[in-house]
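Each structure below is given as C-alpha cells.
Each of the two complexes below includes chain A, the first together with chain B, the second together with chain C.
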Partner chain A sequence: MLGQLGGVYALLGAAVAALLAGIGSAVGVAIAGQAAAGVVTEDPAKFSKVLILQLLPGTQGIYGLLVAFVTLSKTGLLGGSMAAIDVPTGLMILAACLPIGIVGLISAVNQGKTSVASIGIVAKKPEQFGKAMLFPAMVETYAILALLVSILAVNSIPV
Partner chain B sequence: MAVLEMQRIGICAMKKDRKKLLELLQQKGVVEIDAHVEEDEVFKKMDTSSSRNIFEKNAQAAERALEILQEYVPEKKGMLASLEGKALVDARSYDSVIKRQDAIMSKARQLVSLSRQIAENKANIQKRENQIEALEPWKNLDVPMNFMGTRKTEGFVGTVSELMNTEQLYAAVTQAVPDVDAFFAEVISTDRDQTYLCVICGKKDAPVMEEGLRSIGFARPSQIGSLLPADRQEQLRGKREALIQKNEEIISQIAAFAEARRDLELVADYYRVRLDKYEVLGGLIQSKSTFLITGYVPKRDGESLKQELDRNFTLSVEVTDVEEEDIPPILLKNGKLAASFEGVVESFGLPGKGEIDPTAIMAWCYIFLFGLMLSDAAYGLMVFLACAIVLKKFPRMGEGMQKSLRLFMYCGISTLVWGVLFGGYFGDVVDVVSRTFFGQQVTIKALWFVPLNDPMKMLVYSMLFGLIHMFLGLGLKAYMLIRDKKYLDCFCDVGLWVIFLMGLILMFLPSSMFASISQMYFTFPPAVNTLAKAMAIGGAAGICLMSGRDNKNFALRIALGAYDLYNVTGWLSDVLSYSRLLALGLATGVIASVINSMGSMAGSGVVGAIVFILVFVVGHVLNLAINILGAYVHTNRLQYVEFFGKFYEGGGRPFNPFNMKTKYVDIKEEN
Partner chain C sequence: MSDLQYTYAVARIRSKELSLFSAATIEQLLARKTYENCLQFLQEKGWGDSDTPMDAEKILTREREKTWEDIRELVPDMSVFGILDYPNVFHNLKAAIKEVCTEGNTSNIFYKDTNPSAEEILEAVKSRDFGSLPEYMAGAAAEAFETLLHTRDGQLCDVIVDRAALDAIYQAGRAAKDEVIRHYAESAVAVADIKIAVRSQKTAKSLEFMKRALAPCDSLSVDALAHAALGGPEAIRDYLAGTDYAEGAEALAVSPSAFERWCDNRIIYTIRPQKYNSFSVGPIVAYALARENEIKTVRIILSGKLNGLSDDSIRERVREMYV
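And then the complex of A and B:
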C-alpha cells in the first residue's frame, strides 16, 4: 500500500505542473485577450499583431504540459504499466514539478499584464510592434528557467 | 551588408520648370527633400494650401466612393487576396484617367450623394418604425387619437401610469369623480408600466371629469393624429415600404457604377500623388524666377540623377558628401537573403550614426536559432513549401509581406535540417504509426542525437551556441571600434572582456561542477589551468582599471571599473537565456508526441486510422502555429537583447524619399 503512495505523489507532481501553469496561462491569455478585443473594435487591421501579443502568456501552459508529459511517461503511466515508485522518489518527482507549476502560474499572469501594456503600445504606435513584443518575452525567461529546472530534475531522478 | 552612403544634393533651377522637375524627382523616387528650410529676404516659400485642400478633398471623395462601392457592390475576393498586392497599371491608362478626371470625380460625387440619400432614407425608415411602434398600444382604439368628443359628449384619450383593467378603471374614476353619474370608460391596452385608456362623458361634466382624471395621473399622448391608430399605422407602413423600395433603387444605381472602380482607384492615387507634390512645392524656397531644392540622395543614384536633370532642364545641381554634423537618413542595402531580415532590424531600430548594418550576420544567426527552436523536419518542410508556393503564386504582393514570407521560408529550411539532425518528423509519428498500425516499431534515427533523451547535452550545446552568438556580437563591436581607429577602446571594452571571459570559461570547464552537469570531462594540462587563472585575474584587473578611464579621479575610476566587472552577472544570465533553445525545441517535440499518442489511442483498424488522421491534422496544425509563434518571438528576443545588446544601439532615421506613394495601383514606368 505504502509502495503505491509513491506513484500517487508522482502523479500529483504531473498534475501540479499542468494545473498551475495551465491556470496561469488561462488567466494571462484572458486578460490580454480582453485588451486585444478592445483594440480590434477600434482598428480591425491590428488583429494579427494583437493576437500574437495575446498568445504570448500561453506558453507557460505548454511548458506545464511538457513537464507533466515527461513525468507521466517516466513513471510509465502513459504506457499503461506503471513502475513501482517508492515514497521518497514520488516526493522527489513532486518537488521537481513544483518550479514550472508555481513559476508558470505567477509568470503567466504577470506576462498577461505585460501583454496588455504592449497591446497598448500597438494600439497607439503599431510600427513599434517589435519592441512591444519584447516586454512580455522578458517575463517568459523566468518560466523557461523554471521549466529547465523541472525537466532536468524529473529526467535525472532514477525510477 | 551595408548602410547605403548618402550624399547631399542641392538643386537650383528655373521657376518655370518647377512642376516638371518635381514630377521627374517624384518618378525617380531617390531624393529625400528637406522639409524644414528657412526663408530669407530673397527666397520665400509659396502658399500651396488652397490647391492642397482641393486635392485632399478630391482624394477623399474618391476613396469614400470606393468605400461605398465596396459596401454595396463588394468585389469578390479570395481568401488570399490580401497577398496579391497592388495592381500594375500601364502609364497609358493612367494618363487617360488623368484626362477624364473631372468625369470620374463627378461619378465619385454622385456616389457620395447617393450614399447620403441612403443614409437619410434609413433614418426616415427608423423614424417611421418608431412611430408605428408608439402606436402599437393604441391600435384597438376605434376613434381617432385626437378625439375630443361629439356634440353632446367629451372624450379623453390618454394614459395613466398605473396598471388597471376596465373594472378597476371604473372604480378609480367613480372614486375620483363621485358626482358624475354617466360616463364610459375603456382600457385599450396595458404594457409594463402604463394603461392606455379612453373615457367619455357628458359635455357638462367635462371639467370635473378632467380634474378627476388628472388626480389619478391621466396624461394625453404626445402623438396625436386625425386618423384611427390602426389606419395611421397602415399609412406609416406604406411610407416605410416606399422608402425601402427607394433605397433598393439607389443601391441598384450604385451597382451601375461598379465598373468605375478602377478609374476611381487611379484617380484617388493621382490626387494623393499630386498632393504630395504640392506639399513638397510648398516647402521649397523660391525667388522671383528660381527655386532651391536641398535633400539627401543615395550615392549610387546621385550621379545619374544629376546627369538626367542636366539633360532635361536649365539648372545647377550640386552633389556633395555629407558634413560631419549632418545626420543622414538610413537606407539598407542587402542581398536577397539578408534583405528578408531587414524588417527584424527595422523593428528594433535602424543603425544609428556610425553603426554598421547588422542585417547580414544577424540573418544567419536568425535562421540558425529559429530552426533550432522549431527543430522538426516535417514542420520545416511544411513552412518552407507554404511560403515558397505563396511567394511564387503572388509575385506582386507588398514588399513587407514578401520579406516576412521569405524570412519564414529560409527558417523553414533550417528547421528541416535541425529536424533531421534531432530525428523529429511530426514528433515521433513514424514510431507511433508503425507501432500502432503495422505492429512493428520503426524509428528514423536522429543524425546527431535526440534532445529529449539527452537534455543535458542539448543544454550545454544551447549555451555554447549562445556564447558563440554573443562573442560574435562582441566581435562586431571590436570591428566598429577598429574601423573608427579607437584601438584603446577596442582593447579595453572588448579585448579585456574576451580575456576575462575566456579565462573564466577555461576555469569552469574542468571543474567537477561542470562535469556533474554535463557528463563531459575535460582535463587540461596544468599550464592551461594556470593560464586560465591568469587570464581571468588579469582580465578582471584590467577591466577594473580601465573601464572608468575617462574619469580623472582614481578612486572613482576603480569604483566604476568594479561596477563594470559586475556585468559578468549579465553575461551569466545572457548565457542562461539561451536555455530557451532547449526548452522550445523540447516543447515542439513533446507536444507533437502527445498528439501522436492521443491519435493512436483508438487503436489500429479503419476507425483507429480515421481518428488518428483527424487528431493528427488538427493537433499538428495547432502545434505548428503555436511553436512558430514561440520560435519567432524568442529568436527575436535573442537577437535584440543578447546579440544586439553587445554592440548595437539603433536609432537611425529611415530614408523617406519623395516618390509616388500610391495606395491602390502601381504605375508601370515607360522606358
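And then the complex of A and C:
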C-alpha cells in the first residue's frame, strides 16, 4: 500500500493542476461572457472583439491541462504502465503541480473581472480595443510564470 | 444578488450610455433657434417613438418610460430602485390627501408607475386606512391628513409629507448595501435641507418651522443650518463654507438658478465614479439618475426656448451631464 502512495500523490498533483486551473478559467470565462453578451445585445457588430476578451481567462485551464498531461506522462500513467514512485517523489510532483493549480485559479478569476472592465472599454470606445486587451493580458503573465515553474519542476523530478 | 450577477446588466448599460447626451450634444440642442427645431433635433436623436407626437411633454414622458422599461428588463429585484421612487410616491400622497380633503378631482397630477400606486394611496387615504400604506409613509400620511382636515393649512401638510419623504430616503440610503445609493441618499437629503433653509430664510420662516422641515443627515447639522437661516443669506453661506457643500455656498452667492443648478450637479458628481465600475447595481442606479437629469435638462432648454429666453440665460440653468 505504502509503495503505491507515491503514485497517488503524483496523480493528485495532476488532478490539482487540471481541476483548480480549470475551475478558475470556467469562472473567468463565464463572468466575461456575461459582459460580452450584454454588449452584443446592444451592438452585435462588436461580437468578435468582445469574444477575444472573453476567451483570455480560458488559457489557465489549458495550462493546467498541459501540466496534468506532463505529470501523467512522467509517471507513465498515460502509457498504461505506471512507474514505481516513492512517497517523497510523489509529494514532490504534487508540490510541483501546485503553482499552476493555485495561480491558475486565482489569476483566471481576476483576469475574467479585468476582461469585464475591458469589455466596458470596447462597448464605449471600440477603436481602443488594442489597449483594452492589454489590461487582462497583463494578468496572464503570472499564469505563464506559474506554468513555467510547474513544468520545469515536474520535468526535473527524477522518477 | 451578488455584485457579479449584475455583470450582464452593467455591460448593457455601458452600451446604452453611448446614447446619453454629452455637454456637446446639449450645446447643439441649445444652438437650435426655435422650440420646434429643438423638438426636431430630439426626434433625430431617437427621442420618443415613431408614433410619438411632436409634443415636448409626450416625448419626455416616453423617454422616461423607456429608461424604466430597460431597467425593469435588466434588474429582477426592483426594490433597489425604491429610493428613486420616493419623491414621486410622496408627491402622490400629497395629491391624494389634498384631493380627499378638498373633495376635488385632480387625477391628472398623480405620477404613474409608482409603488404603491397612486390608486392604492388614494384608496388608503379615502378609507382612512393608513396602516395599509408602507411603514415609511403611514405615520406621515395620517398626520398630514389630520392636519389638513382640521387646520386647512396646505403648507403644513406639505412640510409633514416632504419631511417624511426625506427621512424615508435617508433611512433607505443607510440600509442600502450599495455605496452609490448611500452617497445618493446623503447628498439628496443634504441638498434638500439646504434648499429648505434658503427658501425659509427668504420667506422669513420661524426656527420651529425649519426644525420641522429639515431632515437630519450626517454631512450637515440641521440645527446649525436652521440657526444660520435665521441669520440671513450670508450666515447660510458662511455655515456651508465649512461643510462638504462649500461650492453650494458659492452658487448661492451667484444667483438662485446657479444654486438650483449646483443642487442637481451635486447628484451627478456623486454618481460619476460609477462610470468606471464594472460590477454591482451602482452603474444601473447611476444610469437611471443620469437619464432623469438629462430629461430635466432638456425640459429646461425646451421651456427656455418656448418662453423666448436668451441662450446665455438658458445655459446658466443647464445641468452637468453624466457622460
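The rule we apply is simple: the second predicted complex is superposed on the first by the 159 of 159 C-alpha atoms of A that agree within 3 Å, B and C clash if a C-alpha of one lies under 4 Å from a C-alpha of the other, contacts with A are read in each partner's own complex, and residues count from 1 in each chain.
Everything that follows uses one rule, which is that a residue touches a chain if its C-beta (ideal position, glycine included) is under 8 Å from a C-beta of that chain, and two chains touch if they have at least 3 such contacts.
Small disclaimer: the values here were computed from a predicted structure and weren't measured.
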- Message: Under the superposition described at the top, does placing chain B and chain C together on chain A give a clash or a fit?
- Response: fit
- Could you say whether A:42 touches chain B, chain C, both of them, or neither, answering first, second, both or neither? second
- Have a look at where A:19 lands relative to chain B and chain C in the superposition and call it first, second, both or neither. neither
- Message: Touch test for A:55: chain B only (first), chain C only (second), both, or neither?
- Response: first
- Message: Per the contact definition in the header, classify A:157: touching chain B only (first), chain C only (second), both, or neither.
- Response: neither
- Message: On the A-aligned overlay, A:133 touches which partner chain: chain B = first, chain C = second, or both, or neither?
- Response: first
- Item | Which superposed partner A:96 touches (first chain B, second chain C, both, neither) | neither
- Query: So, A:34: does it touch chain B (first), chain C (second), both, or neither?
  - Reply: second
- Item | After the two structures are overlaid on chain A, angle v-u-w for chain B, chain A, chain C in degrees (C-alpha centres, nearest 10) | 50
- Message: Between chain B and chain C, which one contacts more residues of chain A in the superposed model?
- Response: B
- Considering only the touch criterion stated at the top, classify A:10 as touching first (chain B), second (chain C), both, or neither. neither
- Superposed, chain B and chain C have a smallest C-alpha gap in Å of 9
- Query: Across the two complexes, what residues of chain A are contacted by chain B and by chain C?
  - Reply: none
- Note on the structure: In the complex, the residues of chain B that touch chain A are 344, 346-348, 452, 455-456, 459, 576-577, 579-580, 582-583, 586-587, 590-591, 593-594, 597, 626, 629-630, 633-634, 636-637, 640-641
- Report the residues of chain A in contact with chain B in the complex, numbered from low to high. 52, 55-56, 58-59, 62-63, 65-66, 69-70, 78, 127-131, 133-134, 137-138, 140-141, 144-145, 147-148, 151-152, 155
- Note on the structure: chain C partner, complex, touching residues on chain A are 31, 34-39, 41-43, 113, 116-117, 119-120, 123-124
- Contact footprint of chain A on chain C as seen in their complex: 4, 7-18, 278-279
